[in-house]
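Structure in structure tokens, see below.
Labels for the chains are A, B, C and D, by order of writing; each one numbers its residues from 1.
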């Protein structure tokens, strides 16, 4: 997570609702943080509508999510980030992100050939279950283009081979940056992103892995699960880092299986887990409730 | 929940740990509550270690749980309740409860003939999984006395018949009052308490019902579940009110069943649910995380 | 379930796979049933690949599902039903259904305005997760026609008013019959079917209700769940009978909720339950694993 | 699992119920097995009350559990094993176990210092939830002796050091053999058994490991789970083999956790999982529903 990356300006569209601001904060734990923040908001006529806090006792680190109404807030929206930094954030050595409710998050989707997560996401977007913009979809295959066409979302086919990977990823980075993407979702995208790609989007890429990590990392987890004879299968949504399947976990789901379930049944049932878990992670991200720190997340 | 019932003085034993105070509050929602409370604690050198808040949008009611360290707190422990009421609580029309971490809660257990919840609770008490005093056990039957004897906890056999109910309940109320009980647990106690009894202990009696309420209220829920052909059974822990099985729900648990499970299997599997769900509710109560309001609970 | 309703002939398309036959049977429990059936299959060179049996001890009723390979079976496919009845079924007073794996089930979908179950079903159909024909979709509103158009499935808009109900349902019955439908799915179809309609399709209409039945029958179950303060919400898929929300349950699912979840959150999370539970029920039906009897089901 | 290890004769006590026999079978998959077995039982007047079968398609192996009433069975109980072998088992190259319902299984319990699984098991034994004999308990510590004393079950304290391990294990093997133990349960027994010990009791030792295997093998899994930031914790019951935490899995359970749960919370909540999962595995074993084969199990 970048420090002090307040909301980017740009082409974001407006949404109806009482306008609020959300601060996501973490810093070394110390006395007086809660009082300082609530005092700052209260003195400037910001009505707090939700406040959550957490202390990680292993890292002695303080985490907070606070949301307040901005309609009567005395500090103008485009100055909140600066004022908060000067008056509170820098003093407590905080890292923070500010989100304004009247700006929809912008999400890119990466897919390959499997459609189950893709449809599930698009249905939520199209039915307004989620408040989000999807300016583009990227795929290394043509297969699902027809679905994107039905939904009238730009679909960029960018095939990847060993030889072309660096060059093609550069195109993808350019596309994501030029579309002001807040985060990207790998909806069963069957390519491993390079470290360089990942470093451009720290804690901004959400993946779904088809096992309950850390079990069955890497390829063919359902086959491995069957071989091991487990009685439970799972799926894990996590931020992508340079270490494969090792990034901070956002959400996990599981379901019971039995000896009666063949590998193809695990794959079939696993698809449902993948849909549900990935969408749970995306929804938390859209609500600005996810705070990654080192290798773990706080999901308020 | 009684208004302003701060911790009762008496024979409560001490427990080791950094001393804290916990306030459980609810009041009509309005601006400035969070700031007022955090300011009150901060100004008096109370280090907040946990704060959680909730607004019920149907009732427009505000709920909070806040815990702070009392070692350097400028207000003496036995004055906190008074000061808080004078400076904050009365102004905001709050109802609140204050708990001090150095006083162990005192819990009575009611049983009849079934031992599964009873053993489960006693194992947690005896192995110090829970910090709680159990000064007495009450039963309408002799059957489980031998277990209480093994654990050396006073076991009062108080048989109930239609004719003796009022008189016997009076004895029970007297026992609970004289032992300074904070709350009572009905661990599959097979008697319906009279309204009078319940009114003596508002939101202080925790029951376990063997169905996922509101389905299958009343007697023989597993038989009814089998008859209905449900694919899920459950258990519900709730505060006892004058309306049978209608009190505020604290915790619920379920598990899948199939056509292969006979009524006796539902009963057997249900016992595990009952144990788990009742203990989950008791643990939340012991942590002072349960705030009943009207017919619902906030479980922070 | 109609007695002895063997597979209908007609325009069913072929599917690739080792050809099998499936018998679903129930009858009064008695000695020798399993031996009689396995002997019948074995003597006629039918290799049994799956056999499951169940006895309901309340009803003293025997249930069985048996699947065998038909390639070397000595009885021709179109004679199996007759021979089985003559040699086994009638003797044991059985009711049975015969399914041949080379004939895809034909499923109609009913929808109104909500798209979540609809998309979920269509994605499974389109990606060949399920082997099923969907010859038509029926709706009382125009709203979701554009989705059916994208998937190129005939979409019949049949509005229903109190005055036109009988007449419009007659049209629907005619449509279902003329398309040789095996069963129909109500994917959040917001109309109550008349008894007459239901009687045309006994145990052939699958509904999804948005609560864990028998709790919260009827309209607005999520509102009722919130009011009651439950800590678990659910969804139930069942066969439609003349009694509203009282038909045999095929599948149920639940998830934990907390005081933090508003009614709109219950509705949002409930949609996922509805998708999963309805699809679980449809899949079991497509696998010929569901045997309703009176008010319950055996799901092998 | 030893081939053809029919029920041991000896001091087993009788239990009330319609007498049945249970056969657990596995063999290479081939045609005619089901028919051969059902024919054998039917011809000898054995009324089948439950039959379940499974084919593992990776191993091409056939599994079956069949239970029939023995009251009118023409083959005497003490000859069933021999006759079945001669007429069916040897022909199909089967491995099988025969269990008679009138002989209670005999189970040893191993414990160290933690009491949660121990109490949970004893409560089920004492309340007759399970039909089982517990002739002895073995521990490497004195700590839980007082509990066994309360329940009046012989408790053998056999301390283990590196130097004494071989000698002490020899004592334990002798104890288990002389008590005609059918299987042993490691109820959080904190010693790794030697390969030699394990080889004396193939698929007769049931362990509970406090993670969802294969994740977090070995020591301190809850600490590892916290460090990894998982959102789900689990427990796994499995047969003990020479490879640590690698034996065939019988049952697994999980529960959701969040950032709010510290390591001590994971340990506390994990204890409940351990109790439930271990007892689920023991119950399946007592019902003769568990068929280990190589590294997996069929749990009918």
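In this text, a residue touches a chain if its C-beta (ideal position, glycine included) is under 8 Å from a C-beta of that chain, and two chains touch if they have at least 3 such contacts.
In this text the structure is predicted, and so the values were computed from the model without any measurement.
With centres defined by CA atoms alone, the chain at the far end from chain D is A. Because chain B and chain C carry the same sequence, their contact can be compared by residue number, and over half of the numbers here are used by both.
Chain pairs A-C and A-D differ in how many C-beta pairs they share in contact, with the greater number at A-D. Remark: chain A and chain C have CA centroids separated by 37 Å (rounded to whole angstrom). Rounded to a whole number, the gap between the C-alpha centres of chain A and chain D is 43 angstrom.
Looking at chain B, one finds that residues 256 touch two or more other chains.
Residues 54, 56-58, 63, 212-216, 226-232, 234, 248-254, 256, 258-260, 262-263, 295-299 of chain B are the ones touching chain C in the complex. Residue ranges of chain D in contact with chain B, taken from their complex: 114-116, 119-120, 122-123, 126-127, 129, 150, 268, 271-272, 276, 279. Within the complex, the chain B residues that touch chain A are 31-32, 34-35, 38-39, 41-42, 47-53, 55, 256.
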